[in-house]
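Here come two complexes built around chain A, the first alongside chain B, the second alongside chain C.
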Partner chain A sequence: MKKINSVAVHSVPDKKTKITVKLFGFILLAAAILSLPTRAVSQPPLYQKCLLCHGRPGFKKILPDGKVLELFVNKSELENSIHSKLHCTDCHADVMEIPHLKIPGKVNCYRCHYKDNPNGAMPANEFFQSVHGQMVTAGDPKAPRCQNCHGSHNIQKVNSPLSTVNHQNVAYTCGKCHKPQYDNYIQSIHGTALLDRHIKSAPTCTTCHGKHLILKPDNPESSIYPLNVINVCSKCHENKELIRKYNIPGGRISTYKESYHGIADEFGSVRVANCSSCHRAHLILPESNPRSSINKANLAKTCGKCHQNANINFTKGKIHVNYKSKSTGILYYIGMFFEILTVSTLTLLFIHILLDLFRRYKSGEIGGKNKRGE
Partner chain B sequence: MNHSVERLSKNQRIQHIILLISMIMLSLTGLALKFHNNAFSVWLIKLEGGIWVRGLIHRFFAIILILLSLYHLLWVTFTDEGHKELMAITPRLKDFSDFIKKIAYNLGLSNKQPEFDKYDYLQKLQYWGVVAGTVLMAITGLVLWFVNQSMAILPKWVIDVTTLIHGWDGVLIFIVLFLFHLYNVHLNPEVFPMSKTWIDGKIPVARLKHEHKLEYDKLIPDKENEKN
Partner chain C sequence: MEDKHKTAKEKLIEELSRYAAGVLPDQEGKELSEETKQLIRNEAIKDLDAFLDVKIKNIHKLIKNEQALKAKLDKKKEWQKDTFQRFNIYFRIQHIMLFSSVIILIITGLPIKFPNSAVSKFVMSIMGGISTQGILHRIGAALLIGFYVFHTLYTIFHKDGRRDFVQLLPKPKDIKDVFQMIKYFFGFAKDKPKFDRFSYIEKFDYWAVYWGGIVMVGSGLIMWFHNLALSYFPKYVYDIAREAHSDEALLATLTIVIWHFYNVHFNPSRFPGSLVWWHGKLTKEQMIDEHPLEYEKIMKGKEGKNV
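Let's look at the complex of A and B:
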C-alpha cells in the first residue's frame, strides 16, 4: 500500500493542491511510522499477547474425545531457546488472529530450514529421505517430526548440554519411541561409557544410525546395512588414537576382513556375519561380561544363530585370528612353515631350472638346432 | 628322425585332461579367495559370478577331482597298465643318485648325464607331490565344505588350521605344477613352445633316447612299439 501511494503521489505532483499533497504526505508518514514498530519490536519478541493465555501454568484444553492438550508455554524456556528472537507466528504461521478459533496445525520447520536459506537456518532436506521423513510424507500421524527429537519451545543448539539431541542426550530422545533399543544401549559398553563414564568419544544412536538421514537396515544406502556395518564400527575401532586412549582391543577389523565372513562381506554377501551379528547391535558387552553374546559361555549360542551345530567344543580358539601374530600360536607356526616351504620350493626349483638352462647353454643345446625329432 | 613311440595311453591322456581342467578351475576359484585383496582376484571373483557362485564352481570341480582321484586309485591298483605305470613312477634310491648326478653335470663337475627310466626324479617328485597335495586338499576341503558338520566335532582352531593348510597347500600345488610344466613341457628347449605328448601321447624316439635312455633301451629292441 505504502509504495503504491508514494508512486501515485510522485507521478502527479503538480495536478494536486498543496493541501492534498500534505495530507497524503501525512498519511504516508503515519503509515510508515505505524508500520515500523512491528519490525523494531521483533527484537524482544511479542510473546506477550500469546502468553496472556499460553503463559498461564496449567492452561489446557480437553478435547471432545477426552484427550487433554497441554497448552502452557514456559516463557523462560522460549527466551533461552535458539529461537528466542522469533515470533510465535513465525512458526505457528496459521494463527492469524487472537484468540484463534481453530486449533493450529503442526509447525512446519521446513519454512526456514530449507537448503540455501539466505538467513542461514540449517537445512534438513535429508530428513525427508529418511525412514522418519518417509513416514511424515506418507501422512502417518505417528510419524516423528522435527519437534519430536529437537523439542519445540526449548530448542537449543546441538552442542548445548540442554539440547535434546546433544551427544549425551540424544539416546534418551530416541528412546522415547525406541524403548527396547534404548534399554539395551544404556546397558551396553557404549552406553555406559557415554552416559556413566562421560566419555565423549563413545558412540550414541546417531554415531551409527546417522542423524537426519536415518535409513532402514535393509536399505543398501543405510549406514547399518549388513555390508556397511563394518564401516560404521571402523570409525572408532580402526581409529588408532581412540584404540590407544581407551585401551580398545585393536585389529578387530583387519582380522575380520581376513576371515571368510569378512571376505564374503567384502564381496557383497549379506548372509554372512558382520560385526553386529555376533556382538549384537545395541546390547554390545565386553567378552568378560557373563551377559555378553561373545562371552565363552554364550558363544556357542551366538555362533549357533547361523551354524546350528556349533557347540562349546567349537568355541575353543580365537575368533579374531591374526595369522601374522605369534599370540595366535599354532596357526602362526603352521603359516610360517608353509611360507618357508613354499618359498624354498620355489627357490630350489628356480635354481634347478637355471642350472639346467645354464648347462644346456654351455653345451650349445639352446637355440633349437639340436631339437630332436620335432 | 620322425619316429615316435607311445608314452601316454588314451586313458592316461583323458585322465590328464580332466585333471588339468579341474586343477585350473580349482586354482582360479581358490587362489582368488586366498589372495582376495588384489585387483586381479577381485576381477576374477566378479567374473566367477560373485563369492557364492565362486564357491559352487570350486566345489563342482572338487567333486570332479575327487572322482578322478578315486578312478586313478582303482586304475593303478587293478589294471595291468595302471599297475605298470605305478611301478614305473615309484621313487627308488636311484632317483636320489640321479639327482646328485644331474646337479654335478649341470654344475660342470661331471660330463656324464644320469640315464633315466620312463620317469625321471623330477617327474616322480611332481606326481607324488600332486598325489599328496590332492589327498590333503580333499580332506581339508571336505572339512571346510561341510563346516556346519565339522563344527559339531572340531574346535574352531582346528578349522582355522584346516583353512590355513588348504590355502597354502593350494598355493604349493599351483607353484609346483606351474613351474614344472613351464619348464619341462613348455620352456624346455627340446620342446618349446609345447610338448604335444599330452595330446597325441607320443614322444619322438630321439627325445626318448636323450631324456629317458633306460626306457629307450627297453622299447627300441622291441620293434612293435616303434611307430611313425
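Let's look at the complex of A and C:
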C-alpha cells in the first residue's frame, strides 16, 4: 500500500490530488484493519444462548425409562475444539426452538463432511463397509458413529494431542467399548511402549485393525484375518530402522515364513498358527515376562492349544529357527553337510554324464556322423 | 541235341502246337495250311505265356510268405532262447512301488520346499490346497514305507533277494571299473569295463536309495507324528528332521531326474526308455554289452548242466 502511495506522489505532484490520495490510502488502511479481527474476538460466541442451560454443570434429564441423559456442555472444551466457530444448530440441525419440543436426534456429520468435500470428506465408503458402519446401517442404537470416537464438543484434529483419536489416545477411546481388549493392550509391550514410555512408533489399536475400515477377523479382507496377520506384524517387525532403533528381535517374519506354520499360511491355511496364535493378539509380552504366552514356563500350554501332548520338549530348541545362522548349532552343520553332499554328488554325476556323451559323440553314435561302419 | 537246349516251356509249346495241328484236320477232314498252323501256334504261345506268368507269380508270393513266417518264428524262438530274466516279478513290483511313491512324493513335496515359487502355487492349487497336499504326501509316504518293508522281507526271505544283496555290496572291482570307464570315455581304453550282475552305476543307485530311505522315512515319520515325537524328543530333534528331510529330498530328486533319467531314458542307446522294468528281460546282445561277466557265468552254468 505504501508503495502505491509513493508512486502516486512522485508521478502526480498536484496538492489536491495528494490529499485525495492520502485520504484514499487511509480508507484502505482502515478497511484492512477492520477486516483483520475475527468474529470470535469481536462478537460474543454464537452458542451463548444454548449455554444458558447446557453450560450449567450437572444439567441433565431423567428419561421416562429412568435413564439419565447428561446434557452438560463444557464451554472451554467447545471453545478449544476445531468446531469452535460453528453454531450449535450447525450440527444440532433439528433444534428449532427453546425449549425443545422433542428430544433432538443424533448429530449427522455427513451434513458437512459429505462425500468428496474438499475441506474434509468423511471416508464413507470405508466406514460403511466396516463392522461399525454395518451396525449403523442395520440401525443398531448402540452402533458407534463418528462422534463416538472422534468426540463431539471436544472434537480436535487427529494430530492434536487433545484428540480422542490421536495415536496416544485412541486406545482409551476404543477401550470405552472394548474393555477387555483395552485392559490387555495397556499391559502388553505395545501398550506400555506407547502409553508409559511414549514411543510414538509403538502400535495402537488402529495400527493393526485399521481406522475406518475395521473388519471382523473372519473376513478375508480384514487386516487381522489369519492369513493377513503376518502382513500387519511385518509392518514394524520387518522394518530394519525400527528394529535397530528399539532393539526389537529381528528375523521373526523370515523365520516364521520358513517354518511349516509359515509355509501353510503362505498356501492359505487358516488353521495353522500365525503370529497372534502364539504371541496373543492384545496381551503381547516379551519372552522374559513370566506372564508371557511365550515364556518357557507357558510355552507348553501355548503350543498345547493346537498340539496334543505338548510338554516341556517344546521349549528345548528355538521356535523361530534360522536354518542359515550359525547360532542354531547342529542344524547349521546338518544343512551344510547336505549342501556339500548335494553339490559334490551332482557335480560328479554330471561329469560322468558329460563324459559319456563325449564318448558317444567321438564314436559317432550321436552328432550326425556315423563312424560305426568304418 | 537241339531238344536238350529247349526249355520246358518251349517243349510244351511245341507239343501243344503239334497236337493242335494233328487234331484239327481229323475234325475238318482236310489238312490245314501252313499259315493257319502258324497262327494257331502263335495264339497258343500267347495264352500259355500269360497263364504261366500268373502261376509263377503266385508261386513266388507263396514262397515269400513262407519264408517271412519262418523268419518270424525263428526270431521268436531265438528271443525265447536268448533272453535272460534279469528281474523277477517281486523285483519288478518293488520298482513300480518305489517309482510311483517317489513321483507322488516329489510332486506333493517340492511346493513345500519352494513355497514362494509360482509353479508351487499352481501345483498346490491343482491339488486343492495344503490339507489335500498333506494327505497325498502321506499316501506317497505310506507306499514308500510299504516298499521298504517289502524289500527288506524280500532280501531276507527270497533266494534272489539274498543273492542280489550280496551282489550289490561294493567291491574293489567297482573302483577299478570307474577308472576303466574314465579311460574308455577319453579313448585311452578300447573297451568298457566288464560288469557283473550290477555295474557300479546300479550299485550307486541302490545304495543311494538305501541312504535316502533311512533319512527320508526316519525324518518323515518324526514330522508325520510330530505330536507323538515331541512328547519324547526335544524340539530341536524335530528341526533336525525337517532340515534333513528337506535337503535329502532335493538331493534325491536331482539325482533321479538328472542321473537315473539319463541312464535309463535320455542316453542315446536307451532313449526314450525300455520296458525292462515291466517284463524284466534282457536280450543276449544287451546281456553281453551290459553284463558280460554275468552272461559268462550263466552260460558256463548252462554248459555244465548240458554236459
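Convention: the second predicted complex is superposed on the first by the 310 of 374 C-alpha atoms of A that agree within 3 Å, B and C clash if a C-alpha of one lies under 4 Å from a C-alpha of the other, contacts with A are read in each partner's own complex, and residues count from 1 in each chain.
Methods note: contacts are C-beta pairs under 8 Å (C-beta built on N, C-alpha and C of every residue); 3 or more make two chains touch, one makes a residue touch a chain.
Since the model is a prediction, treat every value here as computed from it, not as a measurement.
J.: On chain A, do chain B and chain C fit together or clash when superposed?
T.: Because the two structures are overlaid on the shared chain, the partners are seen to clash.
J.: Given the touch rule stated above, what does A:Phe267 touch, chain B (first), chain C (second), both, or neither?
T.: Both partners, chain B and chain C.
J.: Please indicate which partner A:Thr345 is in contact with in the superposed arrangement: first for chain B, second for chain C, both, or neither.
T.: So A:Thr345 meets both chain B and chain C here.
J.: Should A:Pro180 be classified as contacting the first partner (chain B), the second (chain C), both, or neither?
T.: After superposing on A, A:Pro180 lies clear of both chain B and chain C.
J.: Pick one for A:His307: touches chain B only (first), chain C only (second), both, or neither.
T.: After superposition on chain A, A:His307 lies in contact with both partners, chain B and chain C.
J.: Once the shared chain is lined up, is A:Pro249 touching chain B (first), chain C (second), both, or neither of them?
T.: In the superposed model, A:Pro249 contacts neither chain B nor chain C.
J.: What is the contact status of A:Thr315 with respect to chain B (first) and chain C (second): first, second, both, or neither?
T.: A:Thr315 sits against chain B and chain C alike.
J.: Per the definitions at the top, what is the overlap between the chain A residues touching chain B and those touching chain C?
T.: Chain A residues touching both partners: 260, 263-264, 266-269, 307-311, 313-319, 321, 323, 330-331, 334-335, 338-339, 341-342, 345-346, 349-350, 352-353, 355-356, 358-360, 362, 365-366.
J.: Provide the residue numbers of chain C that touch chain A in the complex, in ascending order.
T.: 111-112, 115-116, 121, 124, 129-131, 133, 182, 184-187, 226-228, 230-240, 242-244, 247-248, 250-251, 254-255, 258-259, 262, 267-269
J.: Any idea which chain A residues touch chain B in the complex?
T.: Contacts found on chain A: 260, 263-264, 266-269, 303, 307-311, 313-319, 321, 323, 329-331, 334-335, 338-339, 341-342, 345-346, 349-350, 352-353, 355-356, 358-360, 362, 365-368, 370-374.
J.: What residues on chain A touch chain C, complex-wise?
T.: Of all residues in chain A, those touching chain C are 257, 260, 262-264, 266-269, 271, 307-311, 313-319, 321, 323, 328, 330-331, 334-335, 338-339, 341-342, 345-346, 349-350, 352-353, 355-360, 362, 365-366.
J.: Name, in rising order, each residue of chain B that touches chain A in their complex.
T.: So the residues of chain B touching chain A come out as 1-4, 33, 36, 45, 50-52, 102-103, 105-108, 122, 147-149, 151-158, 160-161, 163-165, 168-169, 171-172, 175-176, 179-180, 183, 189-192, 196, 204-207, 209-210.
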